[in-house]
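Here come two complexes built around subunit A, the first alongside subunit B, the second alongside subunit C.
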Partner chain A sequence: MESSDVVIVGAGIVGAAVARRLALGGFRVTVLDRGASAGGTSSSGEGNLLVSDKGPGAELDLAVLSGRRWAEFAAELPAELGPGFPDIEFEAKGGLVVATTATGADALLAFADTQRSAGVDARPVTAAEAAELEPDLTPRVAAAVFYPDDAQVQPSVATEALLASARRHGARLRQGVTVLGGVVSGGRLVGVDTTAGRFGAEHTVVAAGPWSAEVAGNFGVRLPVLPRRGTVVVTTRMPRRIRHKVYDADYVGAVESELAALQTSSVVESTAAGTVLIGSSRERRGFDERIEAAVVGELAAKALILFPFLADVPVMRAYGGFRPFVPDHLPVIGPDPRLPGLWHATGHEGAGIGLSVGTAELIGALMTGVEPEIPAAPFAVTRESLRKVTTG
Partner chain B sequence: MKISVTVDGERLGAVAGQTVAGLLMSRGRVSWRTTSRTGRPRGLFCGIGVCFDCLVTVNGLSDVRACQRRVADGDVVETGAVDER
Partner chain C sequence: MSVDVLVIGAGPAGLAAARAARRAGARVVLLDSSDVLGGQFWRQPLAGGSDADIRALQHKWDRFVALRRVLTDDPDCEIVTGAQVWAVDRRDDAPPVVHALVGPADGGDRRRRVFVPRALVLATGAHERTLPFPGWDLPGVYTAGAAQAMAKGEGVAVGKRVLVAGTGPFLLPVAASLLHVGATVVGVVEASSWRRIARGWVPRPHELRPKDLMSKSAELGGYVRALAARRVPYRTGAAVLAAHGDSRVTAVTVARIADDWTPRQGTEQRVEADAVCVSHGFVPRTEIAISAGCALAADGSVRVDEEQRTSVPGVYAAGEITGIGGADLALAEGEAAGRAAAGRAGGAAEVARHRAFADRMHSAHGIRPGWKAWVGDDTIVCRCEEVTAGQLRTVLAATETRGLRSLKLSSRAGLGICQGRICGRNVEDLLPDAPLDPGRTANRPIVVPVRLGEIAAPPVEREV
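So, the complex of A and B:
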């Protein structure tokens, strides 16, 4: 039997960030993934590190902490991993949220007010200023707010970079290993049984994104994480015409909604390679991977409201993935008192790339018995808002 | 049937039914554009219209997949990505 201090189930961005943090903290870490690293949700999104879509509260606190860590990591990484390692494409490009209707404008400006009171840099800009930030933006701007702290990374490369750094500090990564169940001794989880045998560990961290409920279920624990599907449309490359992340003001409402039915709102941005990514859709219908014309059509139609020039741009492909959705819209981070030895780092919905490094900070502090930089209680699996779905 | 196609200003004989990629490769060209950031060569990769690596401009229309577009008599093909020209 192999043994470590910590087994992490899932080699996506969250598992990678937690592995690095714990390896740096002196823990012997083994990361297991049934597929390849960054093979699930981590490589299915846009690499968002956002504050613009978060109102005051615990998730915003985690986003702000994570934003500081990302900036540090982007600066440290090249020296640590050397010039041969690909760039994680960290870019503090800023976000521009645009309302094109009077109703949307009122809601957007009121939301930005609450964010400013929580310390977010949320700057209302005039239509003329918006046009200066984004020359190809629709002239029909009822209100716009600029968020200089919105940023992005290339999420697959960032995951690999975090894993590479973790391995330099002693962590081991085993891909193609499926966790089948838990090893319980004296009421405590002391390891996992897998398709590659038994891995003993003092702590087991579930970081399996939308598949976390299945993994926790294998340990006999109920975890309320469901897949929430998203689709992104990709154009061919072009000289950069979209400079920031640009959203319509409906985006925040769609993120916060609990509806299962299809919702779309525009998120449009350029990548370093020159393609334009057009999101975002949200729909709860299990692990259904089909890319449907109705979803793609709605995304494209809404993107044209923000950027009319996109009407003539060729579409190259569409891709989709599954966000780990939790009914109260907060990630689940920390130990699970129902089964000592079990930890969670999951349920970040569409924000996991950004929140991964802050999540790792929380896990690292809690596991070493140090006071975390931000309160961990709001993320506890035992919180009141999840009681109905975690008991019984 | 023999037809005539202009590629980057040069008139070439082509066979009706041939794709643009087929024509380029018959002339010994294996790459015809470069990536935007690091300038690495790109040409035919998947050959079935999925990867969008083989893009060319045909008769002024950019982002045409060379592996999917069959040549027609009188076509004007320009290689290199739009932002390279």
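So, the complex of A and C:
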């Protein structure tokens, strides 16, 4: 039997960030993944580090904390990992949210007001200022808000970078290892049984994204995480004409929505490589991997509302993935009192790339018994808003 | 018109499928992205070719002409050329919904058509596989298929002094075509040794019907005679290890290679040439099949049963996408698939007979792992994104990932305009361990690049 202080289930961005934080804190860490590193949700999104889509509350606090950590990490990383490591493409480019209708404008400006009261840098800009920020933007701007603190990373490379850093501090990664069940002794989870044998650990952290409910189920614990499907399309390379992250104002509503049916709203941005990423759709229909022409067509149509010039740009790729959806739209972070030894770091829906490093801070503080920088209670699995789905 | 059977691809397999489905009474729509029928095998100039060109460049031409005439004259077979399938929507237990754009690809007014067929025959063929070597990205290095297409489609030779290299029987017709359009072929270099070719082709000759053997021999013999008449050297057990030149190819290094294709030190020779045509076999074009939900075999081809049924009800596959086997096999499979798609049985025996040839070809000419020794750290593997083998190795060492998806995103290999069609298999082969997510370079939900404006239009009426 192999033994460590902590076993982390999932080598996506959250597992990677937690592994790094705990390894730095002196824990002996083993990360297990049934597939390859960065092979699931972490490599199926856009790499958003956003405050613009979050209203006042616990998730915004976590986003702000995470934003600070990302800036530090991006600065430390090249020296730590050396020049051979691919660039994580961290860019604090800022986000521009655009409403093209009067109703959308009112809702956007009211939302930005509440954000400002919570300390977010949310700057209403005129149509002329928006055109200066984004010269190719549609002239039909009813209202626009600029968020200088929105940033971006290449999520797959960022995951690998966090894992590599964790390894440098002693963490071990085992890919292609599936967790089959928990080892319980004296009412406490003391390890996991896997396809590669038994791994003993004082703490087991579930960071399996949309597959977290299945992993927790192996330990006999109910966890209300469901897959919410998304599709992103990618254009061919071109000279950079889109400078910031640009969203239509519907995006916030779609993120907050409870609906299972297809919703799309535009998130358009250029990548370091010169492609343009266009998201994002949201649909709850299980782990159904198919990508449909109607979804791609709707994403295209919405993107053209923001940037009409894209009509002549070829799209060459579409990819889909599953976000870990929790009914009350907050991640689940911290120990699970129903089974001592079990921890959760999951349920970040579409915000996991951004929130990963803040999540790691919370777990690190809680595991060492230190007061976290922001309150952890809102993320507890025992919270009232999840009671119906975690009990019984 | 209602669509009983939709056929995608109008090469030998697709044409045979459309014909067989019509014979069985089904209403057929036949789609092809090209402006003319025939696929790569019967590629021809838009304006048609001279009789002399056709005799020299085409094989089984009479069969093509007959198929084309019957289908073109048939009011219950709608032929749609210039039709690019760009996406298919998988349905549960039914053929997928097929989305096409019809019209010139560079024109601004392609028409969207959406088909909901009762049965679907996929005959999308294959694209060429080329192994990388130092200098393969120089102007003047072509795939053998590109050289063949220019000879057949435009009557143009890719160079004056041309070397043809790689593996497989396809090298022979390419060399013959180049001769016909006026090039000097300075040599044909086949990677497999005579010993291996003989071991692949000769055993158990009683399993092959004399008629088939004669037909194959006559086809290959014709090419060999054409090469011999022009004194074209044919070498086996050798490979092009490098192409040289500043702005374009001026010479290549040819060397002997072992049975596993590892180069033999000290056997290098320099050959002057202004063009090199390379082919190391073919990769099935499976994008549409994968999106439709069809299960694949271990080698990446579409798995079919003896009546060409895929794992998806109502979806059939024929020709190179079920495994590379040449035109005779494609015609037989197309026939069986078309008949089965229209609800009739039969045709399996014919397929099995031709499949025997295909199996022999693979054992005689399949790629061997020693090719990786040709590839230096500076050799570009992914041409779209200019990723070298050295960069791939560095990223693998740095991340220790065992996932192709992560490797792609970290190295950018396979993320360019060809979406891994050219480099995908080569990248997979260069990994020291089998990836934990195999096949992820073949999954391409957007089948070909399409302009956002073309697909953003509101959905069009479905043709059921």
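Assume the second predicted complex is superposed on the first by the 392 of 392 C-alpha atoms of A that agree within 3 Å, B and C clash if a C-alpha of one lies under 4 Å from a C-alpha of the other, contacts with A are read in each partner's own complex, and residues count from 1 in each chain.
In this section, a contact is a pair of C-beta atoms (placed from the backbone, for glycine too) under 8 Å apart; a residue touches a chain by one contact, two chains touch by 3 or more.
This is a predicted model, so every value here is computed, not measured.
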Practice task
Consider subunit A as the common anchor and indicate whether subunit B and subunit C clash or fit when overlaid.
Solution key: clash
Practice task
Please indicate which partner A:A23 is in contact with in the superposed arrangement: first for subunit B, second for subunit C, both, or neither.
Solution key: neither
Practice task
Answer with first, second, both or neither: which of subunit B and subunit C does A:V205 touch in the superposed model?
Solution key: neither
Exercise for the section: Go through the superposed model and pick first if A:A293 touches only subunit B, second if only subunit C, both, or neither. Expected result: second
Practice task
Report for A:A273: first if it touches subunit B alone, second if subunit C alone, otherwise both or neither.
Solution key: both
Problem - Residue contacts with subunit A in the superposition, subunit B compared against subunit C - result: C
Handout entry: Touched partner set for A:E160, first subunit B, second subunit C, both or neither
Key = second
Practice task
Look at A:P314 in the shared chain and tell me whether it touches subunit B only, subunit C only, both, or neither; answer first, second, both or neither.
Solution key: both
Practice task
Report for A:M238: first if it touches subunit B alone, second if subunit C alone, otherwise both or neither.
Solution key: first
Handout entry: Superposed model, subunit C segment overlapping subunit B, candidates 147-155, 291-299 or 327-335
Key = 147-155
Exercise for the section: Could you give the residue numbers on subunit A that contact subunit B in one complex and subunit C in the other? Expected result: 236-237, 273, 314, 316-317
Practice task
Flag every residue of subunit C that touches subunit A in the complex, lowest number first.
Solution key: 86-90, 97, 99, 114, 291, 293, 385, 394-395, 397-406, 409-412, 415-417, 419, 435-437, 444-446, 449-453, 455-459
Exercise for the section: Using the touch definition up top, name the residues of subunit A that touch subunit B in the complex. Expected result: 236-239, 272-274, 314, 316-317
Handout entry: Complex contacts: residues of subunit A adjacent to subunit C
Key = 35-39, 43, 81-82, 84-86, 154, 156-157, 159-160, 163-164, 167, 173, 175-176, 233, 235-237, 273, 278, 290-294, 296-297, 300-301, 303-304, 310-320
Problem - Complex contact set, residues of subunit B against subunit A - result: 35-37, 50, 52, 55, 62-63, 81-83
